[in-house]
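Have a look at the structure that comes next, please.
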Amino acid sequence: MSLTLQDVKRVAMLARIAVTDEEAAAYQQQLNGIFGLIEAMQAVDTAGVAPMSHAQDVCQRLRDDTVTETDQHEKFQAIAPQVEAGLYLVPRVIE
Amino acid sequence: MINASLKQLAALLAGKKTSSQELTQSYLERIQAHNPALNAFVTLNAEISLAEARAADARIAAGSAAPLTGIPIAHKDIFCADGWRTTCGSKMLDNFIAPYDAHVVSQFKAAGMVSLGKTNMDEFAMGSSNETSYFGAVKNPWDANAVPGGSSGGSAAAVAARLAPAATGTDTGGSIRQPAALTGITGLKPTYGVVSRYGMIAFASSLDQAGPMAKSAEDCALLMNVMAGFDERDSTSLERPSEDYTRDLEQPLAGLKIGLPREYFAEGLSADVGAAVEAALAEYRKLGATTVDISLPNTRLSIPVYYVLAPAEASTNLSRFDGVRYGYRAPDYTDLTDMYQKTRAQGFGSEVKRRIMIGTYVLSHGYYDAYYLQAQKIRRLIAQDFDAAFQQCDVIMGPTTPDTAFNFGEKADDPVAMYLSDIYTIAVNLAGLPGMSVPCGFGANGRPVGLQIIGNYFAEAKMLGVAHQYQLATDWHTRMPNTI
Amino acid sequence: MQWEIVIGLEVHTQLSTSSKIFSGASTAFGAAPNTQACAVDIALPGVLPVLNKGAVERAVQLGLAIGGHISRRSVFARKNYFYPDLPKGYQISQMELPVVEGGSLTIQVGETEKTVRITRAHLEEDAGKSLHEDFHGMTGIDLNRAGTPLLEIVSEPDMRGSAEAVAYAKTLHSLVVWLGICDGNMQEGSFRCDANVSVRRMGETELGKRCEIKNLNSFRFLEHAIDYEARRQIEIIEDGGVVRQETRLYDPDRNETRTMRSKEDAHDYRYFPDPDLLPLVISEEWIERTRAAMPELPEAMRSRFVTQYGLPVYDAGLLTASKALAAYYEALVAAVGGEAKTCANWVMGDLSAALNRNELDIADSPVSSRQLAALIQRITDGTLSGKLAKEVFEALWQGEGEVDVVIEARGLKQVSDSGAIEAIVDAILAANPNQVAEYRSGKDKMFGFFVGQAMKAMKGKANPQQLNDILKRKLG
């Protein structure tokens, strides 16, 4: 299979990465090269094989429901691009 | 002193032959002198380093020193360190001063080790040559034309050039072992879950693992004693009794069964690397080990599987870099979507964007089963290969890389060629096994060769012993580049 | 043309944990912006989630209460989309393997009962809040709410019309509050409904194209939004158009729904198992422990009230509307030592009316169950007439003190001294000979006249039963 230019642009939009037409064409070529490599997987018979998400077969550890964190917003917001009245500012959100 | 082992440095400090401040100062001076050529460090903060050294000296004077107190260590710039700029090799985090310590960093701090600086790396750990760093590539200390490997190339170069006695690294598909091999140092990627990932900027969460990079296996064992252990802030951190990773260092190798995967010695392995590895195996036989041929039949598939799973996880791990709460934000934009798109287009380099796009694609509607799920299934087959192999041997050995260090630019424009060079390291991450690289000679071009040792789950102490015994019998690990 | 409105609800209940689902930050409502958003909540590079046991426990409780299946193994997934109130760029949720599967809820619509099937309930994290006040044309983001545990409870499209949808939402609301897993505060967003609404011609079996209406945070909005949306869809189809499947937002000021622009291109969430979290395993033993610790459920309590207290089903239903009300009632009966029906009448009558009038919750009732019990005892022992009792109740409500103090202070004690009543009756009969004659000639209605005169003379305090007896005897 191979990705179309439209696929590349859709993926870039989903990933919120601006691409020019030229960049999209370059990505298309590179991604198709990489997918050429990836396609080798399709020939493998994996019927009955359970997918492996984690290296160890262990289960989720649970945290007690207690408050352990204190307010550090001043420290955290000192490194924020734009802040006012304790809020992170972003271009207007339209719902 | 620059060739001293951690044990020797600790003895010098304990015997008041030197102080942590002197030691730290001397390394800072070495960095000052050599880093402009090597570009191994991206951030230094002498004030913090020396303050930590003073505290370490006080601790030594007070008699409350831990084994490595006062010894400097360099941290890969993937670890958040409170008050330190933490860039992950990216423009996206060029201005990011971490407001907290990664678990690994706090472990070393608690042990009294001195943070020497942050080392350069491939952007978000995506790369095998260090050429994807926003801060420019690291030079291989053995040859300025050669890449140092990646992604922990800065840490590897720093140790190889003796700009730091030890360093931390992370390994998602070979990022500790491959640069260790290419720069002639020793590096260990532990079993997944042995070292906490808290505060380590995520690349591929189910594969990432931090580990030590140093001049010898013995040094790595001492570093593991500090960095390994359960951390409740990482759900994938394993609750196990703490271990002494030096416990098997003196174990003789008689009776050791070494598995040699046929697939690691097949087509694609360069002759000089193959010869160096064979010589190392001969040495092991001399030390009493036996070798047995084994097979890891799905090795070839580890690359496609990895290049589906790692980008998939990375594509969403990197979604938090959106210009809202920290890091880079594009200066001009028309609306929210435009802000996101420009911030991410400008803040990420091309390799990172490429992988985000691969990952986004394989997770997107209609493709999940064919790519992500299929890759997870083959991942299990790859892990099962190792299970079967360890029925026949105690450790597996082979080359860490098919070639010695390549030249800058050689593979930079050909991602597929670059990806293929990870053929021997990736499967270990997919299985979650421990793996290490030990210097075992030099290639035809005078560049170092690494011997890879792969152990079963939690076999780090045994592997370190196996490597240490080799290092007692050989001196490859003591060689240092004459450019320094 | 007859239309059928088909509704399924997705209800987001904020679980009543102290800390967030994946971090140790507080979930308390109303803190200054971002002061309860810790490193994990703001998704600093390198941070990791660890699951809150309290959130899982609450999900198990809900699952048991609706008779659902508790998954022994469930998985957390990442739901990927960009939005400024979603710091990681993905929401940790459950997709393929939710913690609760199946179950049902019985609702009462008018006189009829109906069972609504529940598809699933899954754990997830809440997002932050976007504040649209004008910050130089920008939006402010407060992440205090980010990471608050949510249990999303998804029903089958079993409801037909807004009345059923509201009944279901109310029943579910009272259940989660009853269980104590959610504070139920709708103003603060603790219980939010998304309604999937579609319409079809009566008799059709295929479902129509549905629209999802987001964030309905009151029962009234839920009702109005469904009514509006159903009308809108019917009009489109009747005009020959086609309903477009989409996410819509209800605007209460205009009482209409409109397309949600921010959701337009968000169709591809790229769900996949979160590699930072391991499978959630819930043991049989844990489930049984949770079951044992659960409060008696409303349905069970309702039937118990019928058998134990001999109450009509209707009364039992009203008294078990909330756990607090039921507890009040049971305390009342215990303090009175019986008189279950009288107690029920007081709780459902005067007490409920007063609470409603003052918009108070039973927990904040100024008349305690102990006080009301004392009042009822004064009725049964003949100290108070029903009428005087109402006056005493008012006095108790106003905080005039204990029952006997009020009776004493206001001189409300009923006169049960037959000598005193007889003296008054004698005087009245003597003063009204014509009326006596009329009565004796068969005009029974005159009896009321004498009762009225006597009560007036005794300022209403005569024991009515005694007064009747004496009058009958004297007129006899």
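A few notes on this one:
The first chain written gets the first letter, and so on, giving A, B and C; residue counts start at 1 in each chain.
Simple rule for what comes next: a contact is a pair of C-beta atoms (placed from the backbone, for glycine too) under 8 Å apart; a residue touches a chain by one contact, two chains touch by 3 or more.
Only a predicted model underlies this, so the values are computations on that prediction, with no experimental measurement involved.
When the C-beta contacts at B-C and at A-B are tallied, the pair with the greater total is A-B. Of all chains, the one whose mean C-alpha position sits at the greatest distance from that of chain A is C. Chain centres here are Cα means. That of chain A falls 41 Å from that of chain C. For the pair chain B and chain C, the distance between C-alpha centroids works out to 57 Å.
If you average the Cα atoms of chain A and of chain B, the two centres end up 23 Å apart. For chain A, residues touching at least two other chains, in rising order: 13-14, 16, 53-54, 58, 60-61, 63, 72, 76, 82, 88, 90-94.
Residues of chain B in contact with at least two other chains: 96, 99, 206, 232, 235-236, 315, 322, 324-326, 336, 340, 360, 364. Multi-chain contact residues, meaning those touching two or more other chains, occur in chain C at positions 39, 42, 44, 50-51, 82, 84, 141, 268, 270, 275, 277-278. Interface residues of chain C, counted against chain B in their complex, comprise 39, 42-51, 78, 80, 82, 84, 87-90, 141, 267-268, 270-272, 275-278.
For chain C in complex with chain A, the residues that touch the partner chain are 17-19, 23-26, 32-39, 42, 44, 50-56, 73, 76, 82-84, 130-132, 135-143, 249, 260-262, 265, 268, 270, 273, 275, 277-281. The touching residues of chain B, counted against chain A in their complex, run 95-97, 99, 191-193, 206, 232, 235-236, 238-239, 300-301, 303-305, 307-308, 315, 322-329, 333-342, 344-345, 348, 353-354, 356-358, 360-362, 364, 370-371, 373-381, 383, 415-416, 419-420, 431-433, 457. On chain A, the positions that touch chain C within their shared complex are 13-14, 16, 53-54, 58-69, 71-73, 76-77, 82, 84-95.
Within the complex, the chain B residues that touch chain C are 79-80, 86, 88, 93, 96, 98-100, 102, 197-202, 204-206, 232-236, 312-313, 315-316, 319-322, 324-326, 336, 340, 360, 363-365, 368, 372.
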